[in-house]
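Just below is one structure, and these are the notes that go with it.
Each chain gets a letter, A, B, C and D, in the order it is written, and its residues are counted from 1.
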Amino acid sequence: MSETPLIGGATLAPVDSRLAGARIGVVTFPGTLDDRDAVRAVRLSGATAVELWHADTELADVDAVIIPGGFSYGDYLRAGAISRFAPLMTKIVDAANSDAKLPVLGICNGFQILTEAHLLPGSMIKNDHLKFLCRDQVLRVENNTTAWTNAYAAGEDITIVLKNQDGQYIADEKTLDALEAEGLVAFRYMGGNPNGSRRDIAGISNAAGNVVGLMPHPEHAVEAGYGPGHTGTDGLGFFNSVLNTLLGDK
Amino acid sequence: MSEISTESAKKFNMDTVANAAITPDVELPWAELGLKQNEFDDVVKVLGRRPTAAELAMYSVMWSEHCSYKSSKNHLRQFGEKVTEEMKKDMLVGIGENAGVTNLGDGWAVTFKIESHNSPTMIEPYQGAATGIGGIVRDIISMGARPVAVMDPLRFGAIDHPDTARVMHGAVAGIGGYGNSLGLPNIGGEMVFDSVYQGNPLVNALAVGVMRHEDIRLANASGKGNKVVLFGARTGGDGIGGASILSSESFDNSKPSKRPAVQVGDPFAEKVLIECCLELFKGSLVEGIQDLGAAGISCATSELASNGDGGMEVELTSVLLRDPTLTPGEILMSESQERMMAVVSPENIAAFEAVMEKWAVEYSWLGEVTDTGRLIIKWDGEVIVDVDPRTVAHDGPVYDRPYARPEWQDALQADTFTGSVQDAARPSTPEELKAAMLELVASPNMCSKDWITNQYDRYVGGNTALAFPDDAGVIRVDEETGLGFAVATDANGRYTFLDPYHGAQLALAEAYRNVATSGAVPMAVSDCLNFGSPEDPDVMWQLAEAIRGLSDACMVLGIPVTGGNVSLYNQTGTTPIHPTPVVAVLGKFDDVARRTPSGWAEDGQAIYLLGTTADDLDGSEWANMRGHLGGLPPAVNLERERELGAILINASRDGMIDSAHDLSEGGLAAALVESALRFNTGARVALDDVAARDGVDVFTLLFSETQGRAIVSVPRSEEVRFNDMCTARNFPLSRIGVVDAAGAALDIQGLFTAELDELRVAHEGTLPKYFG
Amino acid sequence: MPRIVVDVMLKPEILDPQGKAIVGALPRLGFTAFSAVRQGKRFELTVDGEVTEEILAQAREAAETMLSNPVIEDVVNVEVVAD
Amino acid sequence: MPRIVVDVMLKPEILDPQGKAIVGALPRLGFTAFSAVRQGKRFELTVDGEVTEEILAQAREAAETMLSNPVIEDVVNVEVVAD
């Protein structure tokens, strides 16, 4: 029986065997949608993608984890609320908080899950215009010292895809002030706030810089012809960044 | 029903087959269930006795217009008859299955189908539209395919009617809410506002799936002893509506509980169902599979059985219920969403159950396949249905409904736009022409659809090579080779109203042209025929003519209809909607990297207009904006469409063009503005030469809707080659301008200059103005 | 300031996907006492000043016509809460 | 069967986009009595049998840990309703 299509068709030989040694886990929950895209992005960056299942109880020796976008559990109750309790999430939270500082990237629904799991502060509520919004979005890289942003220049503008219904980032003023003061705002929306997020925040990191969450989708901007404006590949930097981190290059 | 005669029936308080045999004279609510006297008589004849309540439920839903195609069947035959061997060569599965399957090459196949969910959307726009997406996607899964994209052709009432906002907000949010949650990119559709759809909005939904040839699954139950399983959501009273007429079947005097008239979709359950089915297919764990749509278990059991070895035995009390008060007949009729039925061989039961456990999907084993030729359904061991499944699924009534060309048709066709009162102040000065262009691109039907499409995820999956606002949606299937497909849907209800035969052909021509414009080779057709009541001879004539026209045109274009859907009774009182045959064309790319976007991007490229322009203002957007509908739609020239298509496909494959946009509603004026706004790139255009060549004034050149035309942009280095190709094929072309990236304007030389900003404000402002 | 609370639930016969997902997740967290969950909406309408009979009637009408979708939802409660 | 109702509202300091949209729309339909609207969630948990103190405690805990997100929401009410 052949593989069903669109599950990683292309077998790109990794350019650098050092990179292929890096194992990046991509978690699938029931209702996850962008897992295949995240796997593709990992592969295009040269690393090895490892598919993880929410009900797994072990992390399969991965060097980093991506929690991809989608509507896990249908976004029912609150986006990310039910997924947060998955067995694998406990492992991820522990590993992220451990001395090993497992790099974790939460994209969109993944970001929502990370906030529900209290790995990142704040939360997301419905977009201020109340609609699902899919558009090409310019972001400013505010912090290029994290595990997932070090391949970018500080202050660089990148265009990636924004698509969500509950994307309005909120936190109390104290938390927001602290995020700003400690430089933990990783990305800010440029060219108009698309959803009412406080202080135009599109993504944040934890203090150690190993956990990053953002609403827009870098994994949809890794292949010319299939990303923003059908040419953009600005999202590749995320996946290159974590390789830098893992290989000790940065 | 009053008396229960047999002991067993008494025991279970149920109308059994045994009971039916000895109580022939019981009154049955067949009329309330929508059956006609002759149809009920047929049921009795087929069975040789009166039906049980459960049997009556099955026949009534399966013999409905929606499931049996009784009014259209005699005409739809033409889609199967007017096909050549050549047209069949890539058709792996044709009409009759859940969806047709077309060979894409390299062992890949693609399946697509379009369906309507019109009246549910009128009642409850969000859920109606959402479950429309859900239903068509399950059709695609049941072929063994992974769904990869959806599209949504829509028709709503007048843009400024208060009820339109309700339908618009709900339907668009529902399509997005459901489709986005499934991880299926929405890659195109249509949006037309017209008061004829006020009481009957059209929500058509199209889904496309891909698979390897060996994975194709058909809906049949073969292999005596194989098990029948129902899985997915629990069965509720959905779609039965109001207090059930069938409550009497239990001979129970207590008041029937409420049955919901609307179905609520659970996109999360469907997403899980998709993944779960794909895992079943991958492990070859099912012998046959069928989605549950209209007519639910009635349809699934009778179709699976009659397409297989012909027999099946099912215990209905095994069905997992959401509402424990449902009667057997209601269970058989329920249209609860997100359910599938499969046939599993005994050795695969454990593996099947493991997949269900993994995805936390509920399932229940209902029975098994037999070779008796009978579909037997039991309730707690007592037989309540004993039928030949073919008589339920395939041998429904077929009607030759009377039809005749309406008396008013001649007068309508004689009333041309040119010279009408509505044409009194035809724009002619440069100022008027510019104002007309701005008015056109801001009009409800020609304005930007971003307000809608921004609510749809077009990126998920990472294989979307083109989507709105380009002419066709394009999806990559194979990441290594770039093999992929394009799909476009089109229909023009006004054209079809003026001339149903040619109107349907024009819908096909436009979808074909859109696919070719993207660079893909058209291969297959699916259609959704939205019409009024077939009992009205005028409407029946429109339907007959449209089917005849469409099937004739498919022959000429050499692409077969592989599936579709008929939606009748779309009318308010005695006023039908415009006949609206929505036609979807699927095309193939060897490598989607060669796709052609619709907008200009490179400075200095030459802009060519392919084709010639005649006075085709009847039925046009311009006439519509002026409140005129009459005359004859643009002439159909399918040979011309084929030639144009070949040019666009070759030019794309050989890298001769960098953009292409077909001319359709709104004519050249709309195409120029859309090409400029696509990537915010202006152009200088001169129209005098073409206008002189074609013998039309500039207004007609800009606003006429003559078919078989497109504009392309050609890199300087390719101009000679491109010219030579068109000349060799004897296809009219004219160099009408140059892309001007710095200009930030559409400069129609000698007439007017429209800044891109001013065009954009006009084009993009309309939907937000009405819908917020 | 006084508020009027309006509670809206899906009609009992209508599928509630959210409630279904929640009831499936509760036992995994050790909450085993609940056999079904349904999720509805609660609206709090603030009134400046006193809640007259007329204002309450307005709230009831708003609940039926706008805050709920009568095709699939029921207004199960309209009441005044003081602050 | 008895049910336990759990009401959850966004914290007062968080702007509620849905409530805002509703309060904007109400006057257009002639409902002018309301100066603010907030939309929250109402959960109905069905209990098979009697609602013991222990079950009520379970409901309270589920309300705090899962049915609400304490970063943005408050549980405003947990109560038993009989049928």
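As a working rule, a contact is a pair of C-beta atoms (placed from the backbone, for glycine too) under 8 Å apart; a residue touches a chain by one contact, two chains touch by 3 or more.
Note that the coordinates shown come from a computational prediction; the quantities given were computed from them, not determined experimentally.
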(message) Considering only chains that satisfy the touch condition with subunit B, which of them also satisfy it with subunit C?
(response) A
(request) Quick one: report the Å distance separating subunit A from subunit B, using the average Cα coordinate of each chain. (result) 35
(message) Centroid from C-alpha atoms only, then distance subunit C to subunit D, rounded to Å. What do you get?
(response) 8
(request) Please report how many Å separate the Cα centroid of subunit B from that of subunit D, as a whole number. (result) 40
(request) Can you tell me which residues of subunit A touch two or more of the remaining chains? (result) 73-74, 76-77, 82, 85
(request) Give the residues of subunit C that touch two or more other chains, as numbers and ranges in rising order. (result) 17, 21-22, 25, 29, 39
(request) Would you please write down the residue numbers of subunit B that are in contact with two or more other chains? (result) 266-269, 360
(message) Please list each pair of chains that are touching.
(response) A-B, A-C, A-D, B-C, C-D
(request) In the complex, go through subunit A and note every residue touching subunit B. (result) 1-6, 8-11, 30-31, 33-34, 36-37, 40, 55, 70-71, 73-76, 131-135, 161, 163, 165, 217, 219-220, 223, 225-227, 229-230
(message) Which stretch or stretches of subunit C touch subunit A in the complex?
(response) 17-18, 21-22, 25, 28-29, 39
(message) For the complex, give me every residue of subunit D touching subunit C.
(response) 1, 4, 7-9, 19, 22, 25-26, 29, 31-48, 54-55, 58-59, 61-62, 65-67
(message) Under the definition above, what is the set of subunit D residues touching subunit A in their complex?
(response) 10, 13-18, 21, 66-67, 69, 71-72
(message) Which residues of subunit B touch subunit A once you look at their complex with the stated criterion?
(response) 107-108, 146, 148, 173, 176-177, 180-183, 210-212, 214-215, 266-269, 271-272, 275, 278, 281-284, 358-360, 453-466, 476-480, 592-593, 597, 679
